[in-house]
Each structure stands twice: as C-alpha cells, then as structure tokens.
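Each of the next two complexes has chain A plus one more chain, namely chain B in the first and chain C in the second.
Up next is the complex of A and B:
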C-alpha cells in the first residue's frame, strides 16, 4: 500500500501508476470477484483515431459488494416518469417503493397555472398486504385506479409493478387495458418494472421510455407555431436545470415541444412527434427513444450538453447549425455574447482558487462525463471517473454499438420494433441536407462517449464499489468526489468534500450559463471550505504533555 | 397550492393509499442492525431495496449508512436467492470484515419463500463464516406492518441469535430504546447512568449515526451494542422495553428464551412517560432517584407552568409512528393542548384504542386512524383546522398550503438537522419539544400580529 500512497510519499499524483492502483483495488477481492472487476476497471488510453480500450459494463452487480446502483423500478418510476407532473403514477406493491420515490430526486416542475394538474407532490400506492400476495392484487389495483380517477380525473394513470407483482403474476397490462376502456377519458398504461429486472436503473429507463413511446407519443397531431421546433431528451430538471435551458431556448427563439421528462406534461409527450429535431442530453437513459422517433417519425437527433458554459455555447451553435438559419445563428451569438461576461468574471475568480485541484466523478450514465467540462473550466482535472449504470457506448462512444454483445439480462428488457408511421413519418432532412450538415461539422446521431475526452492514464471504473472508493481516497486524496447521497458521508468523513451529482445536494441549477456560475461557486465553496482545517483539535495537533495548572 | 388536488370531503378509500404515513419493514430492520457494533446490515432482495433504504436513512441522518444486498436478478427470483446470499456472505466477510452480518428479507425473497436460517447454516457448513463472526436474520416482509415492525423484528432477531443465559442473573437491566434517534438512545443511557443502574442497551445507534467528523472514515464506527453484550443480555435481571410496538417483541422473546422478565413501557417522551420510565427503573434496580433527576424534572414542570398560556387549547394534528404518537399525544394532553387529528400508517387496532383513551377528556372530537395516510389527515384539517402540525418532513406541503406552523418530529426528517443530536426523550427532551412547539406558535403569532399588538414581551 505504502508504495502508492501519495500523501505519505509527498509524490505528485502524476507519478501514481494507474496500473498499480488497479492492482491495489483488486487485491482484497476473492478471485472470482477480482476477475470480474478487473474488466470493469480500465486505465484509459486514447488512440489518435479516438478509439479507447474496451470496458465491461452493464453487467450484474456482485452480491455483497457494496455498489451505488438501484433498481429497475427506481429507473422507471423514479427517474423517467417521476418528473412528469400530470400523470397519476400508482405504484402497485408494498408501500416502500412508492414512499422512497416520493419527491426525493429534487425534480422541479412548474404547472402553467393554479388549476393545472400537478401530482408530483403526491405518492400513490396500492400498499399491497399479505392478502394480495396470497390471493393476487389485480382486484385492489383496479379499485385503486377507480379511486384515483374518481378523486382527480387525470388525463393519464401510470401503473408500476414492484418485485412481488411479477412473482405472483398480476397482469398489470391487462388491468391497464381494462380500466382504460372502462374510464373512457383517461389513458391508463402499465410498466413491468419489477426491481429484479435488468442489472441496474438503466433497464427501468428503457421500460419507462418504451411505455411512453408506445402509449403516449404521437397521440396529439396539433402542429404548434414556431419555426424551430425541438424536443429535449434526457433532461430531468433536477434543481431547476430545465428552467435554465428553457430560458435559453426562449431567448434564441427555439420552440420546445416536449422535454423527456423534466418539467414535462403528458400532453407534451403526446405532441412530441411534431418537433423537427431531438436533442439528447443524457445519452444513456434515452438515446433509443431518439432512434425510435427518427425511424417512426423522421426526426433526426443530435447530442448536446448544457453542462458547462463552453458546452452550452457549443450546443446552442449546434442547434442553430442544424436549422441552417442565419437569423437563428445571429441570435445564438447574441445570447452567448450577452451571457459570457458574467460567466467569465466568476470563472476567473474561482479558477484562481481551484486551479490544479483534482476531481473524481462516479455517477449516473452521463453526468460523470458532462461535469468534467465544468471542472475543466475552473482548471480542475478529472483523474478518475465512471458511471453507475451506463453501457459501453456511453464510455467508448457509439462506434462500438455493433460490437456490443446482448446478454441474457439485456434480452429480458423489451426492444421495440419500430417502423415508419404511415401517416406521421416525415423525414426532416433530405440526403443532401445530411451531407451539407456533415460538411458544416454538425454530427447527427453521434456520441463519442466519455473515455475519448479523458486523459490517457486516467482511471475508468464502472459501477465502483465502496471498497474501491475508500482505496482511491487513500491513494489519491482527491480534492473533491462527485457521486450520490449513499456515498456522500463516507467520503466526507474521510475529510474529502463530496458533491452529489444525482440530486445536487440542495443546489442547482447547474445547466446553462447561470448554472455554470452556480457550479463554479459551489465547487469553490466546497474545496476551499475552512471546515476541513478544523478536523483536529489543538490538543490533537500538539499532544505534548505540559505541567499541571501552570500559567506562564 | 402544492397539494391542490386534495378535496375537503372525505370519501372512503379501500385500495389507494395517498401520501403514506409509513414505509416498509426492511428499512426499520436496517436501522436496528446499525445499532450492533461492527455489523453490516444485508438486504436479501433486489438491489433497489437497499439503495432506497440507505438513501432515506442517509438523508435523515446525514451520516454514512452502509449495507449490502443480494442483488437479485430475474434468475434468482425464479430459482431462489440461496446462491446470491451465499456469495454475498463470502464477499462481505472477505472484503468488509464485519463482526456480524444482519440479514433482513424483502417482499421479493419473502414471496419466493427463501429459508434464511437454512442458507446461514449452509454458509457455516461451507466455511463462509469465519470463526467468531456471526450471521443473524429477521423476516421482514414489506407487505406486513411497517418500518416499525421491521425494526421490532430485527431487534427480536438479535435476541433470537445472540442472547444467552449463563445460568444466573446479574445485577443489570436491559434497555430496549425503541425506534428512536441515536441521541435519544444516548439520553436513555444517560438517565439510567444518573440513576446508577448498570445496563445493556440494544440496539444502540448512538455514535454510529451521529458519529463525529475526524477526517478518518471507519465503516464500523465506535458505537453499537457488542455481540458480547447481546449475549450477556440473556443474564440480566430484567428488561425495560420502551415502545410497545418497536421493543415489545424482543423483550418478550428474551423472557421466553432466557427467562429475563420485562416491563414494556411507552417511549419516554414527555413528562408522564418519562416519569413512568424513571419510576420503573428505580423500582427494578432498587435505587433512589438522585436529586439531579429531580432537578431535570422540576425544570420541565416549571417551563410548562411558565408557558401554559400559549399551549392551552391549541389544536394539533399529528402524523407519525404509533409508539411516538402515543407518548406525544399524552404529552400534548398534559399541556392542555388538543391533539385532534392523529394518523399513523402502521396498522394495529390497539393504537386507536390507546389514543382514544388518552384524549377522552379533550373537549373536542378527535379523529384517529391507524391505517391512515397524510391525504386523510389533510382532508380532516381542511374541515377542522389546527394551530400546529407535528410530524415528518412530508407534512411541510400541508403546512405550506394551509399556512399552519410545523414542528418536525419523527422519521424521516429530510430538510433540517438537529433531530439526531438533540433528544426528545426524557425530561431534557421534553424541554426541547416545548421549546420547538413554543417557537413555532410564537413565531406565527409575531408574524400575524397587527402592528399595534406586536409585542416585545410575550
């Protein structure tokens, strides 16, 4: 251990050999565990063509190895459907699942008026009892839907299956169909998102998105006014991120048809096929929806990133570039020029305090990538990163898609077969348009992944464990770590500040220009907080004994 | 309005729970298990359960909450979770080296019907449990009871697996503190110490979930009842269990298993319940109550007399766990306040009976529901408004919509600190509750007072 302990040796981090660190991380594991984890821990090496080493990801969590991951239900009900305000989401199961996913992710929403539907503050559950486990829960579920309908008359009701529901064989989809027909003016749909499915939340995202795509998208053909109509995919309005992005869209004159799913509504989803471009924020949770919308409706997609001021400017320019409109481009430049001075002022100030400090990011399916830009902007380097539930394309880029092997766990998650909609399919771009965009450097359907943008020699760790986290802290003593609430206090108890990047602690927004300013200030506050100097009492710093009761 | 769809009229619901005032068993079991020194709680189910429980406990305590999981997949759900648990036990002892693994089940493994004792026996046979280390378990099906039941079951599991009778009684009392905060457990120990009563407390999350910042992280913090102490609990002269629902089953199990007699009392929240606790402990141990405790009690009574004018006749709505609510309702009644709407999500008929008995002299109709939810509570208080709300953080939505002051009390508290550091049990805890209630009431009076009657001296 001592050979790589930077603090003891006083050696600069650059001299820490990542391969040695990897050995250290694996050293205590039983052989089988070590063998598996060895494939999930990779020392990055970026080839001139952008190719990176292969990493084993989206594989089962090892029982007993403390992981950050949650379940399919969490990804489906919590992450994807959670931020939509006007669907009554009924959890079918014992009370816990509904309770834990009740308002805890800090998704914000702004209904259009005081009368508009907003059910996000409510938790609905069938609170399954042993009687239902034994005799079946469909009857209670039906009754619960009726009671919800009678009380609220929502436009839509979503049903979410929890673990025991799958086991006892309740057919949530049949109940949904039956009740939809019975109620007449309420769309009822169900999600088989039992927690044991898949290997992480990612499966739940997929199930949720498939459900919304199947049951909601395309129901409303109203064509809204607006020259540049877009959807925002994979943005969940944590801490108000979507509000800041919406502000920028308003300012550049782009019409947002629907966000999936931050600050969203059922009606926005229903109308989303009328947009002319899909923007993807979180590639992991939703890239397949963009693909399906392209196939079914002819809407192209581009990858954007509104995390970081530079990335925001780049993404706005990319949108303007796609629409090939000079006025739009001019407006984008105007907005960037208007916003950047305030950003630059804070950035310079914060950079002076943070330059050279080192961060580690272990979070999500896109945030460990996106937030590296923000750290870069204030002169901080990301020395290790990894996702909690991502797939190979999120690490290595979409170039590896054809070579990803589909294992049994992934096969359990339904892949929708989509064909062009006979009435609604309308290709937005002719082949020559695509070519023109390519020449202008606007890449459609592309994502290079996280690793290509990280330094060679940095550590990439998928589904990091508690043990590995502790080892990394011991070896590197990073200046800050970003992860989730479960990791937060163990890291901070080691004297290292920890920023939550799932729910942002209590902060945000961190997207867009204003968000960048918030984040710079937040990181400055955290890495330079006085409190880290007070961990030892004076008598612990200087424990030498003195004579008794002597004043001098 | 944040709860804009909640109508005033109550329509009985038979299937839909809205805004629950409870959660599921396993989280209570996880919390209890953290009160054993060197213990890693283990959730036998899919990994979402432990992720949710760890997250919720972490948000409440702002402390590391470590636990492991069997990470069920589709296969395990069909063929049973034995292989997963065996692998988990092996990995946990190899990598994290706890002294104890405390396994609790989930709705998933309960529905499958995994036989945990058999799996533990197999793990032992296969040498997966190192010598001197322990694996204990509790069945905690999420579709029965609530988080309180889960806590009770895991505490009982500690007795079932670890308490031993060494053939004679030793001069010592077992204290089962109930599903309370780490600081409450500390306060109960302090009171026993003031009385001079030797004791073993289990579980004990003090110094686990309110541990100091030292710059060094230890997966197993210094607090918690040790395995040795749990063994000795079987030879104590008696057990005082606080909170019938959370502590009763373990106390009775210890009586059955090791013939340690028990007294099951209400949680010592408020004057009367603390009196009962001190008086019982005094009699069991045959000690005289020292003046230090008389002084503490006198101070609490003094503040009640001083501030009675602000408490008298104020209407209160409460949501929380049965053991807490029983003592708290009694305390409010003793202050001449009127607790008029009371819900717990935890099922149990006795709760309603107890509350009705405690509030029988309140000069106002009292609504109480054991299988209620916060939606119902909100509807009740739309018809019959109150001056004060007491309960967990989720009540803040009702508080804001109805413009009623809220005193945070119970679990979970996700938006404030203090609950894990400043006790609400004992006389000192009573003082803190009075301070919080008074602050809430007088802050509101100050906010609403017309200029001419806004006063310096209150």
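Up next is the complex of A and C:
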C-alpha cells in the first residue's frame, strides 16, 4: 500500500500573474505603507538548492490596518499555557484579558481520573480596579494566589501580567518568589507578557516557553520505562489532535514523556528532560525550547508534521529512523499499512469532487504550511499563503537563521543563555550516530520552511490585512480560504467558504490518519456546498419571471 | 473600598466582560462607523473574536497597535496614523475611538489628540472630508462592558446631537439588546405611527444577509443625521432601571435640549412591556395596534396554560444588571421564583430595581448580588437548589454540574446557534421565553423519568 505522494499529484498551475496582483494590492496604500507592505508580500521563487526570496516578517502591524494578530499575553496565557490542566493560571489585570482567553481555543485534555485536577474550564483573574492601578496590585495578586491555593491546592500557579501591570510597576516575579516560599508545596512562577510587548503573539509564546523551561523543566529526574522516549513540542490539542497522535505513538510503541502543551500535565513538563528525542510540530512557537533542551540536556530534535496522511506516515518513519530499530520500523510500517486503506478510500472519493480547486491559507506560524499537504492529497492547490505571527525561518527555512537581524521589539523578549547541565547533560547521539542518520536521510535540527515547498509564482503574504484579503478574493475567487474566526464571516459574506484553522470550526481532529479523513470530508462539504448558488432569488436572477399585474 | 458583595478578592469565572467591548458594540450600531481601540492590538483581536463568536458576523475593530515604545512615550502618533488609515482604507464615516487599560494607565489625552488630528488634517487639506470622530474613555479597571456600552452611547449623543426646531420624532435608547429585539422595537414603533431614532441599532450590522460582494462596513445602523437630530426629538425613551439615577444619554438630551426623558425598565415580561406600551400610547395618542393587543392576550393565555408546569420553580438568573431585572420581573409574573439574581456589574442600583419589579408578586424578595462571578454564584446557589438557570453561555458549567436546564439569553452565547436572533423584549419576547422555559422543564421531567411518558 503506497502512501500519498505529493509529487504524483501534479505541478500546480497558477494562471494569474502574481506580480500584477502584488502591484494591485499595494496600489491603494499611502506610499509609506506601500513601501513597508511591499517587503511583506513576496512572489515565491524556489531555486534548485531550495533557496527562496527574502520576506520581511515579524515586524509591527501598521496602526489602523485591521490585522489577524493577537498580543503577547494571548500567545503566553492563551496559547502555550492555555492547554495546561493542572496549573492554576491567574491573569493579573482587569477582567477582559482573562475572560477572552477562557478556553476559547478549544484545547482538549484528558485528566487521568475524575479526581485529578483540571482547571481548564476556570478563568482566574485579579480583576484589577482603579484602586490597584493607583496604589499597585501586588497585594491583590498575593491574595488571589493564596485564595487559589486554599481552594484548590494546585501543584503550580502561573501569573500573567497584562498591559497595566508593567506600566504601574507591579513586580510579578517578586510576588511569585515570595508566595512560592510561603506556600512551600506549590510552584509559583510569573510571566511578564504585557500585551504591548513584541509585535505579535509570537513574543508571548517565547516568554511562556522560557518560563516553563526555567521554572519547571528538569524538576523531576525519574526515568520512566520505555525504550523510545520522546517529547512532542508545539502541539496544542485543538479539536483532539493530540489524542489521535498519542494513539499512533501507543500503537508503534514509543513513550510520550511530555507534550508542550496539548493534553499536558505539570508533571510531564518537569520530567521532559529525560526523553531521548524531541519532535517539533509547530516550529514557530517552540523551536527555541528544543534548542535549549539540546544544549542543556543533550536531546536532539527533528521536525515532524502530523497534518496530512502522507506527512503522518513520513513523520512516523522519521521517528523509527532516528531510533534505528528494526522492530520499531516494522511496527511503523504495520500501523501505516493498517491505517491507509481507510484514508485512501475517502481520499479517492473526495479527490474526485475537489481536484483542481484552489485554496488560500493565512493562519498561524505553522498551520499555513502544514495544511497545504492535506489539500494536495485531495488534488487542491494552494495559490497563496502566509502566516500571522511567524518569523523568517518559518517562511524561508532555518538556513536564514544567521542572517536574521534582531530588531528592538525582539530584543525586548528575553533570550535565555543555556549551558550544558553539569550532571544531567547526556548527548543522545555520538558523532558517528549523527553521520549515520544523515546518510539515512534523517535530518536533525532542520526545517526547510513553507516557501520551499510552495510553487514558484504563488503569493506569500505575511500578516495579511482584511483589506488585502478582500482584494485577493476579488482577483482569484478561491474555492476556500483558511484563517481564523475573525476572518471567517467577512470571507463568507463574499461568497467564499472559510475554514477556521485555529479552533477548527468546532471540528477535528485533523491530525494523523483519522484526522486526514475528517479534513477531506470537511473540505468536500465546504467547497461543494450548493448554498452559494441560491444567493440570488429566482426573481433577481431572471427578472422576466417577476410577476406582473394584468393592467400593467 | 469594597464595591460589591463577592466574598473573594479574586474573580473566578467572571460574569462580566470588559468596558471597551461594550463601547465597540455600541459604535457598531451606527451607520458607516468603525470602532477603534486606542491600545495594544490584542484588545481589538480578543474583542472581535468574542463578539464574532456570538453573532457569527464580521466585526471589524481597528487598533492603534501600541508597542513598548509608545507605552513609554505616548500613543499619539499611532492613534493619528491609525485614524488616517481607517479613513482611507475603510471609508469610515464615523470612527468611534475607545480607550483601553494601556492608554488610560499611561494617561493619553485622547480628546486632545483627536482635536490635534482634526487640525492637522485641515491644514494638510489633502485627505478630503474627515469622518466624524467620537471619543470615549473606557478603562476596563472601572466598570463592565455595560458601562462601556452606555458611555459610548452617551459620548455619541454628547458629541453629535444638535438642537433646533423640534421634529416630533422619538429617541429610543434600548441598551444592549439583540438584533431580533431591535427589529421588534422598530415594528412596534412603526405600528404606533411614531417616527423613531434607535441608538445604537445593530439589527442589520450584526445580523446581515448573505451576499456575493462583501461590504467593508455593513449596511444599517443609526444614520448620523438622525443622531444629530436627536436634540430636536420630542422625547427619549431609555431602557434600564439601574440607569435611572445616572447621567445617561437620555438625561443629557433632556438637560441640554429639553427633550423629555422617559426612563423605563427593559420591556421584558408583561408589566414592563405594559409600561412601555403605555408611554407609546401616550406619545402617539393612539392605542396599541390590535396585533400587539392580541399578542398580549395570547401571552396571558399561555401564562394560564403553562402555570401548572412552572409554578413554584426556582430560578437563578445572571448576566447584565438590566437584563436580569427584566427577567426577574417576568419570572415573578409566570410563577417562577427568582431565588438568586446575580450580576458581574455593580451599579449600586441592582437590588432596588429588582425589588421594584418583583414587588407584590413574590412571597419573599430574591437574593440580589452585585459584583458576582460564577464561583460566587455557585456557592450562593448550591443551597438554593434551583430548577432553572437563566443567562448566557458562561453558566453552562453550573448547569452541567447541577443537571439543571439552562435557558440561554443575552450575551455571550457561543454554545448554541442563533444567539443574535433571541427575542427577549415585548409580549412576543415574553411568549417566546415562556415557551422555552416550560419546554425545558418538560424535557427535564421526561429525561429524569424512569418511564418514558410521552403525554405531559
């Protein structure tokens, strides 16, 4: 049974000149804005060695241009710490920020038993009032921590600073240290993730991951049983994706120590440094954690992608390849052979309906890349794509890392300087092992980025605005656009179906083999919906049918 | 200062949203308007996603996208650049600028900056007609989304309404009600033959039809020329009992332009709707159209028919203060005891308003709690053993825990379909609420029964 091969699906055909489209997009902007956007809108061109044009990304959004982006707090509390079930996450600030990040991302979790902690359905906030803005909010924060501790006795409490906190000078880290000491059996740590920091939620991911790495990773040295121990980094369990991936890990016999942070537990983080391999799913939100874990503990990392049946098979083989174990490889092949017939059956059926249709993806820091594979599998081409909050390496591949200039906004986000742990650093691979893997085609610490895998002539747009989205719809009339809930209804009001790839439109899972089947069916349903045909009433479509009075 | 009854310092599972969100909703109900938040871009993003999840409609909110540098040196240049971009890119005819925690904390003088912007634009003369610019102060560390909503309505009226020869029109300030409620109100006013200016009016802007071509700013909303004319209307009807003692837009119109202010409770249930219709009869000089009289009659008939199912049941009602006041009035009328009335707001007028609308109908007054969150509500309500929960989607976890039916009303509703089309107001709204309540109780009875009775 062959797996889906993207190359067999045929080279994409793009019939509209992307350079012209770019000109058109820029034409309505004032000169200064146009000059800035010109660097963020790029027509793709893949050189034989995989090099792609440079794109300006991770720069501030222009005021008044309605953007998809969120803030640092959203990336920290909402995205990275949002899926943690047994950490009490307290938002220090006025009520809005806490309320809006209250389980809105549809992260799912499975506590080990009915008595186990699960605070994900809770929303804790200090609900700052004028009084705290004027006199300081540390006292209220201390009380909030004490209350949460008295009520729930959690293992850990996370504190999240919102905009006013940094401005009035509350020292959340000092409060965390003090309360950690006072409570004794509860780890308290804080995040300076004020919304105005950084250019997007990406800064918040970084702050969150640095915090978890500093305060939690490495606290528990227990070595769990299992021959092949892995961590899954950058998987947030939207719509149950992690459950599908975990099912496959169980079936091939690898032991998942910790996921960052879908279906995670505080204890898993604490123990994660005992794994032998890190898998990176969302490169943007977490690649630096993999690097730090490699430096400090000697754990190598590989990039994987479980979005798409072909990609899932490839990633499972990559894991087996890394461990260089025949039995594991045999099990992986067995699982792939077991899963693929069902996938192929639906794929064939859906492909017949979707072949040749065109998609655009403007979402996330990885999803705009990962989902292209699923579309390819059902014969659809991606004619334009872009990220909301990614960096150059996510677009152009890690080869550009040395040439990325660090601007003032990025400098504001703390970079941790990590050294090998004197006792616990243990390189998992000897130099000859690394060489052997390279020969076998297992690339360590590598990511080619989105652009290298997209057709030349396709359009790459970073931080797309509402205005540009509308223009693209006008020009291309794509068959589907993928973005988030904020964009959904504006796009659908233009008569184009829109699939949410943040919260999955309440659907999912879309990861793994079962996820691929779900996605194929979902896209088939959407791009072949008949509803758009009825936008005009019969008397609007054929005015001659309109009734006339006899005396007219 | 402890401004509410909650027993805890922190807020766990809030029963309120933040102030600028309310302002954005209000601005969205003005024709050609784009709401604009002066602050970090996350505020606009979070509020958009939240409003959209209820209405399932586009909701654009622009932002001045302040960063660390502007947080230190002030957000003026970003505000001005943002306003210019919204004007040119969106063709906004009105930009409603609301502040956020960030800009309130650093103390940006937004009215001053906007004045400067107007002057600079007039001098440079190159950008055509400026849109109307309305500013409102909405720090989320003081008040809830409802304070933000009312503050924005007041700011619009204060900054735009003009005096002049009287018009005979009636102003209607409905507060935060659903698009379905607004369409109902328009129908009622029309049936009384009363020309009306409803501010704000989200009936079309947040519940619009499917289209082939997207309009950047949806059709609908209160026309600007109508807002300007509000100072010349003969009367202002303003809903919300907790607002009676406050400096509202309606009171402003009376003080400045002599427009007679007719504050009323939200017309939910029989008697609050009767009061509303009474004022309309008086203003129009004609009785309610027979259609409405028949709706009232059917409602009473249904109250008699449904009484055996609902009598003596206990309900916990939560949400925005004025909505809860109206619901409590209605529940008392149909024989349900509102045992706990809770709100995240704390106007200070909540208890008094509930007492006024339930007087004479309840054996004992309900517990009324301001400044509550769902943790407090859970603790307070546990011993009350309610048969019903009435409020928005955030009460779902309590309903699940207690296996109690939840009647979804108000905002936000993101675990059911059609929140924007829930009708709460008038005889018709009461009828629909009554049907929902009776059926929820019947369904519960059927579910809990060991025998599958199909005739109830």
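Rule of thumb we're sticking to: the second predicted complex is superposed on the first by the 530 of 552 C-alpha atoms of A that agree within 3 Å, B and C clash if a C-alpha of one lies under 4 Å from a C-alpha of the other, contacts with A are read in each partner's own complex, and residues count from 1 in each chain.
Definition applied: contacts are C-beta pairs under 8 Å (C-beta built on N, C-alpha and C of every residue); 3 or more make two chains touch, one makes a residue touch a chain.
Computed from a predicted model, the values in this text were never measured in an experiment.
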{"item": "Simultaneous placement of chain C and chain B on chain A, clash or fit", "value": "clash"}
{"item": "First (chain B), second (chain C), both or neither touched by A:196", "value": "both"}
{"item": "Partner chain in contact with A:90 - chain B first, chain C second, else both or neither", "value": "both"}
{"item": "Contacts of A:486 with chain B and chain C, given as first, second, both or neither", "value": "both"}
{"item": "Chain B versus chain C as contact partner of A:65, first or second or both or neither", "value": "both"}
{"item": "Touching partner for A:425 - first (chain B), second (chain C), both, neither", "value": "neither"}
{"item": "Which of chain B and chain C A:495 touches, first, second, both or neither", "value": "both"}
{"item": "Partner chain(s) touched by A:117 [first = chain B, second = chain C, both, neither]", "value": "first"}
{"item": "First, second, both or neither for A:150, with chain B first and chain C second", "value": "first"}
{"item": "Chain A positions touched by chain B in one structure and by chain C in the second", "value": "28, 30, 33, 60-74, 90, 93-102, 104, 121-130, 132-133, 140, 143-144, 147-148, 162-164, 166-168, 194-197, 199, 409, 412, 466-467, 470, 473, 484-486, 488-495, 535-536"}
{"item": "Chain A-touching residues of chain B, taken from the complex the two chains share", "value": "1-5, 7, 11, 13-20, 22-27, 42, 45-49, 51-56, 58-59, 62-74, 76-77, 84-85, 87-92, 94-96, 106-108, 110-112, 141-144, 146, 211, 213-219, 345, 375, 394, 397, 414"}
{"item": "Interfacial residue positions of chain A with respect to chain C in the complex", "value": "28, 30, 33, 60-74, 90, 93-102, 104, 121-133, 140, 143-144, 147-148, 162-164, 166-168, 194-199, 201, 408-409, 412, 466-467, 470, 473, 484-486, 488-495, 531, 535-536"}
{"item": "Touch list for chain A against partner chain B, complex", "value": "28-30, 33, 60-74, 90, 93-104, 114-115, 117-119, 121-130, 132-133, 140-144, 146-148, 150-152, 162-164, 166-168, 194-197, 199, 409, 412, 466-467, 470, 473, 484-486, 488-495, 535-536"}
{"item": "Chain A-touching residues of chain C, taken from the complex the two chains share", "value": "1, 3, 8-14, 16-21, 36, 39-50, 52-53, 56-71, 78-79, 81-86, 88-90, 100-102, 104-106, 139-142, 144, 208, 210-216, 344, 397"}
